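After this come two complexes, each holding chain A, first together with chain B and then together with chain C.
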Partner chain A sequence: MGIRLENVSYSYNKKKKGTVYALKNITLSIDDKDEFIALIGETGSGKSTLASLFNALKIPSSGEEYVFGIKIQERRKRKENYNDIRKHVGLVFQFPEYQLFEETVLNDVMFAPRNFGKSKEEAEKIAVSALEMVHFPKEMYDKTPFTLSGGEKKMVSIAGILSMEPDILIFDEPTAGIDPENRNKLTKLFKDLNEQAHKTIIIITHDMNIVSKYAKRVIVMSEGEVAFDGTPKKLFESSEDQIASFNLDYPDSIKIAKYLNEKAGLNLNPNQNDLNSLIKEILS
Partner chain B sequence: MSIIVKNLSYKYEDEEKNAVNALSFTIENGEWVSIIGHNGSGKSTLAKLLMGLLEKKEGEIYIEDLPLNENNLYEIRKHLGIVFQNPDNQFVATSVEDDIAFGLENLEVDPALMEGMIDSALSEVNMTNYKKSEPYLLSGGQKQRVAIAGILAMNPEIIILDEATSMLDPEGKEDFINVVKKLKEKGKIIIMITHDMNEALLSDRTIVMSNGEILKDGKTEEIMMDEKTLKEARLELPSALYVYHSLKKAGYNNEEVLKVLWESASKM
Partner chain C sequence: MKNFVLGQYMPGDSYLHKLDPRLKIIATIVIMVAVFFLKNIYEMMGALLILIVILLSARLSILKVLQGLKPLIVLSIFVFVFQIFFNKGGEVLYQTSLSFSISSIIAIVVITFFYFFLMRYMKLKVLYFFLYVSLLFVSLKYLLYPDVYYSFNLEIYEEGMNTSLFVFFRLITVVSLATILTLTTKPTELTLGTEYLMKPLKIFKINPEEFALIISIALRYIPTILDESFKIMDAQASRGADFKQGSLTKKVGQLVSLLVPMFVISFERSDQLADAMESRNFVPGKPKTKYRALKWQTADTISLIFSLLLLGGSICLYILF
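After this line comes the complex of A and B, so read on.
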């Protein structure tokens, strides 16, 4: 099942300039389990627009899209309730403050399971387990979300999506503004959700260290089109001109290996997917 | 221009502990200072206090001999520019150029001069083509570029950047860093709040915050060597220095390679 896009375009209609395409001719499919996808590309390349098509927040202007078997189309043509889609595909926005609205952290995270018909007790159980998964401190469950720091709000909004128990989880810039300790906790959570709970994880990020260390598949967007769809290893092995043309960076492990080869005359394999594998390579 | 902070504390309503506690430091013109710390360590609270967005509870803030208080706030804000992590919160107008003009109008800039100021600020951040665009149609990274252009046009003496690069792509970050370097050369004070240790490495001085207090304040290169302090502050070494320390711990002793590795740290 999962998500399938065939020749999908998305455009804004502008009075002065006519039609402006945010996405052009996208064809791809995403499985409903076990995928770990990094969606990357320069600012304005269409990453966030594509992500909002994945859970039907936006509707294709042309082409066909199916999410868990449901055809995504304008409201008046719909046969199904799109609430079902959002049970399957959860999206955490860049700026989580827009997602928080209840009076306490716990109530906020309970909102989705309550909305999907769970009893108060069941919803609370689900919410507590979601908050535990993001390591949110218990003594802060009764705080109002608005007094939390930016990083704490993000954790709560992620717990809110986890409480919906979706199959596919999309995170838009999840680690922006998150300190290293919490970033490591978050990436470990993504890894566990993927490997142990078999969820499909999609992260939009500019952090190439995360891409090379965790992603199994990378989709590179460039000017509204899919410019690359393959493994991180294959992406970072492509020519430097190619990487520059996508306005991408290399992970630190590759940058450091290349710098050492060039300036210290070493002969390291530059394709190291994290710093620890680079350290091993230097010591060997 | 200088910033003097004396014994500054702030507590949010309904909170038991101070969000920032007894902070004291002085920043002189031409200094580029990074403020680093874990989420909730008080970094953003400090930035808001310096901007007068929060009213200080205890202690003193002086901006060039003027105490920051309600009477001087308007005068002091003319010298300050801030870029937040979430640029959505700082747009007021319906086009990019009008948004930048809004800041200039507040400074009572002659309208005849505005056009040129707007054009040059947009060109510095490579957003000239978006002059007439509606801000809400821009991507997160593009909005951040416009927010930075707004600050450049206003030409303040003190620039506070609160996680301002977190949504930028590599080209955007590079442009941004180059803009900051130029501002520093002009003698501006740059205060950069960040989690990006590679980015903090570019500054002259680093203030490490933890649980609302200053854990350490010193030369950036010394602080980035100080694994113990960074660990205590729940932060990480910059990537190249992590490799450097790990190799040394493992008994690696090729001094030339270690030297090159050290140099590479500021080039990431």
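After this line comes the complex of A and C, so read on.
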């Protein structure tokens, strides 16, 4: 189960000849639990398009895609409803302004469970627990979402998706434009969701520190194709030219280790998950 | 949405492209007025010929202009059918009796079914529609088995035929003129032209510059806002409010979740735009220099004379005949 793509291509304009494909021949499979995937690549490489394929917002131009056993295609059987897929695969967009609309924060978070047929009381209960998960202060539940700061809006929008209780969660650049404290809270939330609730987390990010510290699997997109699919360790061990050709950066820990090796003549293992393990290595 | 031709600019360097936008706006209005002075189908044919000459001088593909006429199809078919059936003057041109029988009703149902079934595979939808209508006609006329329940006479009169063609062609001509104007003129030039032409409105305390600015900003933000609305729809769809499916009442309820963010984003955008303009020293109402100054050339004068001649000619025809 989960998501399976076979030779999927996608182009934005369908009919014309000589179309430019946003995604080309992508073959992937993603499990519905315990995965922690970082989807990286330069701007315009097709990360966001791929993410919207995962929850059937976009439909493949060619190739086969199955999400939780349902084939995603233009002509579907009347009974099949892609809403059910979106219940399983939650996608948090980059800009929270696009989804907040209710009068109060709590009502807004209740929107998704209400759409999926939960009663008002149930929805409220789910919404409160989702807001607690993102550590949103209780006294602000009745505020209008539009008066919140950017970071708070983001938290509410994430809670709005968590309230659907999806199996797979996709975050489109969740840490962009968020202060360090909230960023740490968010990454901790991702970790908890992954390790305790056994959910599959997919994050689109440019932050290599998050990639090396948390991700169990990295998918690198380059010009609409999957250029790399494997563990972060393997990615950062590959040659520097390769990393440069993907237009990627190294995480801080690796940069520092390499710098120390070069300048101070140390012999550190450059492949460190995060700064803590690097410090341990230096001290030992 | 993106195939919308009316109001779209096609780059080129033809005679028409190089003309002054002020002239083009005036000439379009003048020729449109001239078209409305025409009285019968033969004069309208002449107007169509002139239209084709203008089209050729713009070096636009006729297909592109026809695409611009697409939104008019329903209206023109309606006008055409209405005139042809209900205008009963002059001689009878064609007469036939159409009848409903079991076989013709079955044929109609089958044809309609196939029409809707095959619709999505068809490329030329309009031609396909005509094929459908003529098939219906044939089945109504010839399938009389086993007996006729109800039959009626279809009569087409000379005047009905003439007026329907006349109205149809007039519609096409007028809309094509407007399409040619927007296809050959950049939006910026168009607003600049309107700005100049609205200068006399200063007497009524309307500032043409501000008005032109409003128009150009509005035009500029149509694609942006359209894009934004798609993003909002995606975001709400991933929260279970899919606008592409579900019952109508459900859709109306979900409309709120689209409209509220749209308003919020639009207000935010306009705030940002105002700040950006002010930080570049824009002061409303103060005189500005132009980046592109409009220049009136001999070609413009010639074109103006040409269009005025057309107007004069059609007025002459109106008075004389």
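As a convention for this text, the second predicted complex is superposed on the first by the 274 of 284 C-alpha atoms of A that agree within 3 Å, B and C clash if a C-alpha of one lies under 4 Å from a C-alpha of the other, contacts with A are read in each partner's own complex, and residues count from 1 in each chain.
Operating definition for what follows: a residue touches a chain if its C-beta (ideal position, glycine included) is under 8 Å from a C-beta of that chain, and two chains touch if they have at least 3 such contacts.
On a predicted model such as this, the values are computed, not experimentally measured, just so you know.
Touch criterion met: A:Leu260 reaches chain B, while chain C stays clear of it. By the touch criterion stated above, A:Leu275 is placed in contact with chain B alone, chain C being left untouched.
By the touch criterion defined above, A:Phe101 lies against chain C but remains apart from chain B after alignment on the C-alpha atoms of chain A.
For chain A, the partner that touches more of its residues is B, with chain B and chain C as the two candidates.
By the touch criterion stated above, A:Lys87 is placed in contact with chain C alone, chain B being left untouched.
In the superposition on chain A, no contact is made by A:Asn7 with either chain B or chain C. In the superposed model, A:Ser129 makes contact with neither chain B nor chain C.
When the shared chain is aligned, chain B comes close enough to touch A:Thr43, but chain C does not. Using the contact criterion defined above for the overlaid structures, shared-chain residue A:Gly177 touches chain B, although it does not reach chain C.
When the two complexes are laid over each other on chain A, chain A has residues 95, 97 in contact with both chain B and chain C.
Those residues of chain B that touch chain A in the complex are listed here as 12, 14-15, 37-41, 44, 85-86, 88, 137-142, 145, 163, 166-172, 195, 197-198, 234-236, 239-240, 242-243, 246-247, 250, 252, 256-257, 260-261, 263-264, 267-268.
Across the interface of their complex, chain B is touched by residues 12, 41-45, 48, 94-95, 97, 144, 147, 149-152, 173, 176-183, 206, 209, 247-249, 252-253, 255-256, 259-260, 263-264, 266, 275-276, 278-279, 282-283 of chain A.
In the complex of the two chains, the chain A residues touching chain C come out as 52, 55, 57, 81-83, 86-87, 90-91, 93, 95, 97-102, 111-112, 115-116, 146, 160-161, 164. Interface residues of chain C, counted against chain A in their complex, comprise 228, 231-232, 234-242, 245, 256-257, 260-261, 264-265, 268.
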